[in-house]
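As written, the chain order gives the labels A, B, C and D, with residue 1 at the start of each chain.
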């Protein structure tokens, strides 16, 4: 497996949180963000966020940046979470106009991504969910969510709609929480261009094992379209430098990607609040690159033996051999 | 909604844990367990565990107990977790003989439950999963799990197979973790007699909101077959007295059961290690009974208004009115 | 126990998060925030955040607001977390100048709070901690933290320094995580005006039971100086409407406050992103008020009986009687 | 730092859980357990559990085993959790007789450990705590706990009493939960022979970073007496093979042990339910041994540089260099 590395453009920018509202560092312009990414070794693609990085106003400029940096257009994440009108939902909003807006925004970004040379939308409906019990009609809102995404999928069959799940944040409870509820939605939409973005950290925070998720997505229709990488402490989307906390889980994850023939991108989605984002990205890339090499060294024959015996002590021995040469 | 209350027979017995291996109290015989349940107000059904309570050796005796106590046979949980041969899996075991045994045991219990006047199996494959990375072929083992359950479903269409999901314990990672992965399995099996047992506490420990799970099960084919009740602190299957920790979530859960027309059993699945199980069961029944009354008082009209506004402050007001009259 | 209710001024304002950086609602001026608080029934005090609400520039204006609204000055939370220079720490920063600034800022706010009629500082060193292993000298930085706070305590004995602990956020790992590490710090500082602010939600997210924390603070020197109220789902500082998720834990918590003679403030610290903050505050106040009434009805005699028997079933019965009269 | 490895004798035996009550494997006699430990490379000490492994009846036999195997007597863990009379508490029981029994049992084991050539008791009051709110007088019971341990410490100054903390299990809420509450107890007891056993997995499950705990124990009186090793997934005491899940945290932990001059034992406390305990122990030993080598290679100079810069990217680079040579 050869890693193709991309990055969501904000990774190399400044970050804020609910207290540090002006950000931990100075802002960078989109121009500067492109330049910063271009300077990172091994990164060859970018993922853009609607409104933050790409809109009707600057699409020509973005095209220029892609050309001048040689970076590939991997995916656009339409803004369904960062503008005030999305505050109480997008596709699943109780407001019909908002639901329409969510669909229209997605279609626009589908057109844009093609215009920019890409073929994928990462759909993250982070505001679709609820905070308190009894505030939401789960049946009706899930229906709206499915119908909206279905309409987008049918709009252009040449663009993949890759749904990213997350347990919580910004909503206290999001609708598309884990691989199970995400796959139920994909099956409901039932369009070949509808699949899933697996964010390693979201998977951990949903108490999943990402390697197992890869297998599940293979089993139920080969629906892994895209991968986001980062790391965390297991209970929250800390968006740390890739590989710093869960190296073993990463190796198994990467092995399973190889085993199941994944040939898509690895897109960095780190939020390294107090680090320089460019340096942190470079570190993440080096980690991932090394871990992919390790995963590549693990043969299917060896693993099949482990699966046959099911002995954790044999796995333990293999991991020791791999990690501390 | 009228509550029909049942209990898994062990609830009124003695409990052990990995340290207190001889149990926190003296053991009770199956005869005594039946008598204890019969003395609990409002409980009219029992759920039995294979080998623990029912087997080829004592089925006549069990029949006698049901008759003498007037308790209804609600469900049998085949033993797929408590005998040593299940230690590394049942339906998903790498050992073909074990997989066969898991199916045969299930079929036997399907016959038994009918003989005892019931029509449902609660299938809890708690040992199907893994502890360590790289020990299990998730694809193959999930296939086996699905195939085994499918064979059972086809064996007798007059018996429901209701799958109970749980994130972890006894396996550190179980395969059927939450409503999403459970429903994927149900859709894979694709038999009308295949559905899901929702254990309130398992749902909490999987970081779900049980009321939302009720809606999801309605949406994807009306697949809620059975309900287990208990409570916990949110991170582990503490199996506490029903209603003691999450009264508000319970009220929303019960309201959604009413809204979606659930007419099945509420089966208690408490493990009150240091309490008298019979007394703890009685308390759980009183809690549930009261909470069902509360849920019954909540009108769909009122709730539809809340859904339309989405205002948590209105929910807050309603809950205060309900809880502290 | 009579509840005295205060509120951190931002509660009635607009909130942002790391995605919705411009806020879920329009901003309110400090003038407007005061007016909004003044319109909430039963609230008689305010807690201010340095820089956000009070600084050298506007102290006279704040004094005017206090006078015109009749609100009592309860506490100032100096800004040690929201200005960029605190990004990598305040009292425990590796930068000597920053550490000096943290102390000076605190002393200034000590003077201000007295000038405004109060006598307490809530110290929340949320940026003192670390994100990654191997980045911080835990020994040295904890020493600095203790020394800085000690210097502040000695600066004015007439002002209480009440330390607020929190497990994580904004730092992925904060230094003052729970009642234990907070009390170790208080004992290290060893000044009578050094104590602890117990935030109900922080306590839950640290996997504590807040009622037990009240007892611990009583036991180790009567060090509970201040209380923050809100609620959450148990794994994160969701800052929800008080009482909506953990009513039973709240009742025990309030009972223990009564039992141990707490006579301080209940200061609301909610972050109701998608609600109107004023309405959400009012709801929280009504919940707390009702729950205090319930706690007041629970007699020490009754509770002592429960403690003597240790029977959960008796507690269960009492709670049912209390909650659903 | 040279690792001295010991093991709690049950590690090489059979394990049970609340479902698999007869154990995942055949039982081993104490004789066999000693033999099995003796066959494990690099292990030179044993930790025994009262009643399970050592009692008045078999002390001579144990002495013989120690002599014949050459294993050193490291510590005894008195049984305060596995016999039925401890079901609702030991030192903090509301029953005066039980409290007396807890003290007497501890003193007996203090004598035994000396007789067997050791000088340390690991005190794990796992049943001292509570399951439900309102069942326990936290003030009174914590007082009893402190007084009981103090009496034991004073009984023989030549024997260390090393308290092991744990957040939950077997009690749903234990009293001595984390390093903070444990150190408050140690300070309350205030005897030089009273200190703390840090169990790596308990620390993780209490949401701590074990390396930071080492620093805290150094800071507050050099109170780290003993170390237990194992690993888990972060939310429960899974007691997995040491190093399999958190290798990076382990390296930092071991580095801090070196930095602070720890010269005690590393005692394995694994519960490898479905593995052969002896093989799993051997694997754990190899992991730990390798990780200690790695920690030994990390110089204080290098780390001091990292502490001065606080740059996670520099840590990231160092870890990559260490892990994947």
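Following the convention adopted for this analysis, contacts are C-beta pairs under 8 Å (C-beta built on N, C-alpha and C of every residue); 3 or more make two chains touch, one makes a residue touch a chain.
Given the structure is predicted, the values throughout are model-derived calculations rather than measurements.
Chemist: Average the CA atoms of each chain to get its centre, and name the chain whose centre is farthest from that of chain C.
Modeler: B
Chemist: Across the interfaces B-C and C-D, which one involves more C-beta pairs in contact?
Modeler: C-D
Chemist: For chain C and chain D, let me know how many angstrom lie between their CA-based centres, rounded off.
Modeler: That pair's centroid distance is 34 Å.
Chemist: From the mean C-alpha coordinate of chain B to that of chain C, what's the distance rounded to whole Å?
Modeler: 40
Chemist: Where in chain C do residues touch at least two different other chains?
Modeler: Only 88, 131-133, 173, 207, 233, 235, 241, 244, 248, 274, 311-312, 315-316, 319 qualify.
Chemist: State the interface residues of chain B toward chain D in the complex, per the touch definition above.
Modeler: 15-25, 81-82, 84, 87-88, 126, 131-133, 168-170, 172-173, 233, 235-236, 238, 240-241, 244, 271, 273-274
Chemist: Using the touch definition up top, name the residues of chain B that touch chain A in the complex.
Modeler: Interface residues on the chain B side: 88, 94, 130-140, 142-143, 167, 173, 177-184, 187-188, 206-209, 211-212, 215-216, 218-220, 248-249, 252, 255-256, 260, 303-304, 306-308, 310-312, 315-316, 318-319.
Chemist: With touch defined as at the start, can you tell me which chain D residues reach chain A in the complex?
Modeler: Spelled out, the residues of chain D in touch with chain A are 207, 233-235, 241, 244-245, 247-248, 272, 274-276, 279-280, 282-283, 286-287, 290, 294, 311-313, 315-317, 319-320, 323-325.
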